[in-house]
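These notes are about the structure you will find just below.
Just so it is clear, A, B, C, D and E label the chains in written order, and each chain counts residues from 1 on its own.
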Amino acid sequence: MTASDAHLQVRDLSVHRGSVEVLDIAEIDIPRGQVTVVIGPNGCGKSTLLGALQLVLHPTRGELLLDGEPMSANPVRTRRRMSAAFQEPLLLSMSVQSNVELPLRLRGVDRDQRRGAAELWLERFGVAHLADRHARQLSGGEAQRVSLARAFASQPEVMLLDEPFAGVDAPTRAGLIADFAQILSVTRPTTVLVTHDRDEALRLGDYAVLLIDGRVRQTGEPLDIFDHPLDREVAEFVGMDNVIERSRWPWPIAASDGGYVCVRSEQLSLSRGSGAVVRKVELIGPMVSVSVDVDGVLLAAQVSRPQWSALGVGVGDEVAVCADAEAIHIIAAEQGTPT
Amino acid sequence: ASEINEDELILATTTSLNDSGLLDDLAPIFESETGVSVKIISVGTGAALRMGAEGDADVLLTHAPDAERALVENGDVSSRTLVAYNDFVIVGPPDDPAGIAGMRDVAAALRQIAVHGASGAAGAAAFASRGDDSGTHKKEIALWDAAGLAPSFETDDWYEEVGQGMSATLTVANQRGAYTLTDRGTYLALSTDIAELVPLVEGDARLLNFYSVMEVDSGKGRINSEAAAAFRDFLLRGDIQAMIGDYLRAEYGRSLFIPAGGETESAVAERARAE
Amino acid sequence: MELIWDGIREAARLWWAGDAQIIEITLRTLAISSAATALALVVGIPLGAVLALRRFWGRGLLVASVNTGMGMPPVVIGLLVALVLWRSGPLGGLDQIYTPTAMVIAQLLLSLPMVVGFSLASIQSINPRLIGQMWAMGANRWQVLWLLIRETRLGLLAAVMAGFGGAISEVGASLQVGGNLAGETRVLTTAMVLETGRGNFEVAIALGVVLVVLAFAVNLILTAVQQRRFIT
Amino acid sequence: MELIWDGIREAARLWWAGDAQIIEITLRTLAISSAATALALVVGIPLGAVLALRRFWGRGLLVASVNTGMGMPPVVIGLLVALVLWRSGPLGGLDQIYTPTAMVIAQLLLSLPMVVGFSLASIQSINPRLIGQMWAMGANRWQVLWLLIRETRLGLLAAVMAGFGGAISEVGASLQVGGNLAGETRVLTTAMVLETGRGNFEVAIALGVVLVVLAFAVNLILTAVQQRRFIT
Amino acid sequence: MTASDAHLQVRDLSVHRGSVEVLDIAEIDIPRGQVTVVIGPNGCGKSTLLGALQLVLHPTRGELLLDGEPMSANPVRTRRRMSAAFQEPLLLSMSVQSNVELPLRLRGVDRDQRRGAAELWLERFGVAHLADRHARQLSGGEAQRVSLARAFASQPEVMLLDEPFAGVDAPTRAGLIADFAQILSVTRPTTVLVTHDRDEALRLGDYAVLLIDGRVRQTGEPLDIFDHPLDREVAEFVGMDNVIERSRWPWPIAASDGGYVCVRSEQLSLSRGSGAVVRKVELIGPMVSVSVDVDGVLLAAQVSRPQWSALGVGVGDEVAVCADAEAIHIIAAEQGTPT
């Protein structure tokens, strides 16, 4: 991505909360018209980053650029090119309809247009029947959907969404994510989306930024981050259940010392045979999580229930374990032990 | 709980008298002599008389002879005795637009103020009335009556009803450059702060200001009649009368109150006219 | 105790009889106190918002001063205003002493700290993230103020009522700067003081009843607004 | 204007000289107004909480009455208390008229509506779900009240300051029920009125200065408490 | 389960919000010492049910029993036998430590014991380092963990948790769920847990209650509900992506008219062969979602990425589709169209 493709640019940003520096970012370029997902553990600074981009939290240092211009030159105008749905649905004490209309009202959009937009987006997020409700009288998921509708209703250039689907029920969420991808692909706002959910990150994200402890640790395509974490901590965060020191890895592997071998439990396949002993079996919904012992190294594998029953083994039995060469990711020594 | 509280005496008096500070000097003497504590409640004249009528005070000290006599006739008070007197003064702006300075006939002076005020001439002075039914206000009305007039704020632009105490009324008159009727005590106490007002008319016998003590009738309820009588006698006692006469004399160069314990108003007026 | 009943009866009678003077006094009272309260709101709410949201040097002292203002005796305020407006004072030339304007000024100064103090407390108790959301929605300074007022209307209306209550019930300053001139600056409270001094307790109570009914009517309306949208 | 400077100088002088009388009056003022405010808090906060949290018939009217109470003129309250406590009144037998107790009662009645009204507004503006959480944690009635007070201390302290300010600065009622007796019921405000009447403007202003400094000191402390734990 | 096994009993419960009846429950028995998960779409009344159980919302009708005794007889005593973590972390404005200690403090537990308990549970939920922070100064996930620690610290008989892990990051969540299962299996409080997450429901739930529109629609073992929904709406809620009218089902199936055939996309396996045409392929993280057309009926299938690449087909190609007989669930006609 060249700098001109970057719609939003973060340069040398430092944000303090209280007296602690919770964000210290050298640079992020957020591509225009795409979805950038921000991932990272709790308290790593994701919401703080969104707050800074929305010019709501004031950085102690650094520059934020929108289309190459400093965002803080005219904060109100900048904010009006953006919209945000924060982590808690912060609705004002007025009706749902008025809440959704509010950003448009603040921009001086006339009544009819406001009304139309609000109705459209409430409908899309499945809460049109709540339009006349007072905002305090909503269930958790309903409030979240209203907050999303509000963020969309002003059709901004840039959208900042903090865990937009966290409280939404599973089937609706699946539906919304599909819709969402479709909506975004049509109107193509630049979107920054914070999420804890890997599926969401992979399905919606064109680009991902991974924060740990207030610093950018990896950026790139979401799938690439999930499959090729750069260091041990990232590997653990992206759900590599097997992060094994290279020296202990039970199978032969390209030489070079140190570092780690990572593989996801889903990507270890089990078959009838020998080489590993089943140590623990746990049913997790439609999947079976199996802990197997290969030459003293415990590996986690996950197979579907039909596959498991076809295998017909139990704790203490021997099975064959096979790791797809493609699925194995190696972290080089110098990266594996970050300072 | 309906017994008489022998240890305290409630004295209802007018604000202008209390503001002079005289009673603050006398009360401790009475208290140390009798052991009865005096509660000096200073209110408007009307309120003081009303408190007497309702039995909410034991003894009254006021300066509104006509209203006081009504209380006597009603049987609200069992005695009314003159304690002291001083005089009222008409004060006004030093340039004296109505030209009343030095007049002896208060009624004529008032008529002149009215005529001047009604003329609406540029720089015409107003008259500020207490308008609060106090002793001073009642006196003012009587004087207007004597002048054959009954001005009112509603019909006469030059006539203002302040509806406050003497010092506030003097302040208003001072600010507005208006004439007003004041008791001498308050005028003297305030004279440094109301430089815009000077005495213009004084000396008319009709301007005398009589202070009387009244014992509330014991039939009114829990009246401490014994202490009330003692207080009345105390005020009339020679040494106390002398103290009243000397009060602030050094400061103002003249008596603020002239003792007249037990005398009648007409006798005092007679004597004053003779002077 | 019958005095109170007499007073209520007297109030009804005066009002029924359409006593010109009491009506005039009541209207004047309402006009002066409403003007003072309205001014206090216009100045006080933005001031309260600034004190609530901005951190600057001397803010603590300012907040304490505002809070102290709530305990500023009307007599002190009256005296200060009088000193300024008296002939000898710096603004004596304006000839505003003993006018309704002077009373509006005094009552404004009296109710301002109340309005600022309670706006401050109400706005400070809003979730700061919600204020962030307001900015994030693209509100400018004035729109944020408007949204803050909407969100805190419960507290602000209490402030309005306290401010109005403080203004309309005040007497010390009104006497000093208004002079209680009949037909010019006499309002319900100063009239009450006068009638009390006169010993006309019934009339004083009657005036009190009118005042309380007036305040009650205003507050009934404001309370209805305040409680309207409150939901359990 | 020099009057004010004279007053301030006089206040400093009196205080420096340790003038027994002014110290005595100041302490009495503080004692009476603190007692009244404390009682107002003890009665008013629970009342405000009940009005905020419970729905019952007549609640709206009660809320409006409380709000009206904020506009109750001290003179009305003074007159009513006096009517009750005067010898001729129903409680005249208690001989409490012209005592500090009578003044505490009058000031209590004056500051109570302020405390109730602002407790009500503050508690009503708490997120109702948070109150649910308090109950859910196993709090009993009094513990919930305590937690509500903790959560709303911002608003409540404003109420305390307004209540205390109203009590300490009030003069009409104190004069009527206290009688301004030297050494017994004379407080700063009534002393000010007396000195003003006597033409001792410097002394009156000096007393006013003492009053303002006192109110400022108390409110400085309360403001420090109020703003202490507030975080952006 | 006999009535005596039921720790909490709900009988004929109706709760209104505003003027609307949002909950109308004939009966629920919540088994002692087990985890009951409450599931259902947004706004179905899950939080309302927890509120009623906590005696915070007042029912218009009905009875709630704890150990067979009416809960409302002594509300404070009853509440002190329970604890709750609501959907939004409702912390009081005091320090994190004080928040966690508060329930114990309200119960009169002495200082040292309180402190110990708070430290223990803050530690377990990974937020011990925040103990002295003011509760307002937390990130979303941190606040949620504190709220959980608070619920656990009083070690109650009954625990009511409303989406306890919604804002917690993925790896921590996996860890917490594992810990949680372990903690519960030791202390065995009766737990009612609201969740939107199927994994959570399956891993933690011993018993499940499914609400739709304020009514109980199905109860039983979580897996049973997920695999054998009683009607079409439930089937859709539990994520049966293929709910096909029986008459249109492309393969032979035991006779009897009407009703629906349901199968999860994960449980349709694809192999080389013919009979179906691939219509759409979507990558979702490590899985591939494939839409296939079998005799004009569109079915959704899901396979892992290695499997998909092994298959080596694309859109328009033919594949063989096979539905495990075990995995197919049939909804009878009368149940399939609920009134």
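In the analysis below, contacts are C-beta pairs under 8 Å (C-beta built on N, C-alpha and C of every residue); 3 or more make two chains touch, one makes a residue touch a chain.
Model, not experiment: these values are computed from the prediction.
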Number of hops, subunit C to subunit E, where each hop joins two touching chains: 2
Given subunit B and subunit C, the chains that contact each of them: D
Approximate Å spacing (C-alpha centroids) for the pair subunit A, subunit B: 88
Subunit A and subunit E, separation of their C-alpha mean positions in angstrom: 22
Whole-Å gap separating subunit A and subunit C, where each centre is the average of the chain's CA atoms: 54
Multi-chain contact sites of subunit D, meaning residues that touch two or more partners: 128, 196, 231
Junction residues of subunit E - those touching two or more other chains: 18, 88, 136-137
Set of subunit B residues in contact with two or more other chains: 15, 51, 165
Chain-to-chain touches, reported pairwise for every pair that qualifies: A-C, A-E, B-C, B-D, C-D, D-E
Parts of subunit E lying in touch with subunit A, wherever the complex brings them together: 17-18, 40-43, 47-48, 87-88, 137-142, 145, 162-163, 166-174, 196-199, 201-203, 223, 226, 236-237, 239, 264, 266-267, 269, 282-286, 304, 306, 324, 326-327
Subunit D contact footprint on subunit B (complex, rising order): 1-2, 5, 10, 15, 18-21, 24, 39-42, 51, 54-56, 165, 167, 186, 189-190, 192-193, 221-222
In the complex, subunit D residues that touch subunit B: 86-88, 92-95, 98, 179-182, 184, 194, 196-199, 201
Interface residues, subunit C side, partner subunit A - complex: 127, 129-130, 132-140, 143, 147, 150-151, 229, 231
Complex contact set, residues of subunit D against subunit C: 1, 3-4, 55, 60, 63-65, 67-76, 79-80, 83-84, 89-90, 113-114, 117-118, 120-122, 124-125, 128, 152, 154-155, 157-158, 161-162, 164-166, 168-172, 176, 188-189, 192-193, 196, 204-205, 208, 211-212, 215-216, 218-220, 222-224, 226-227, 230, 232
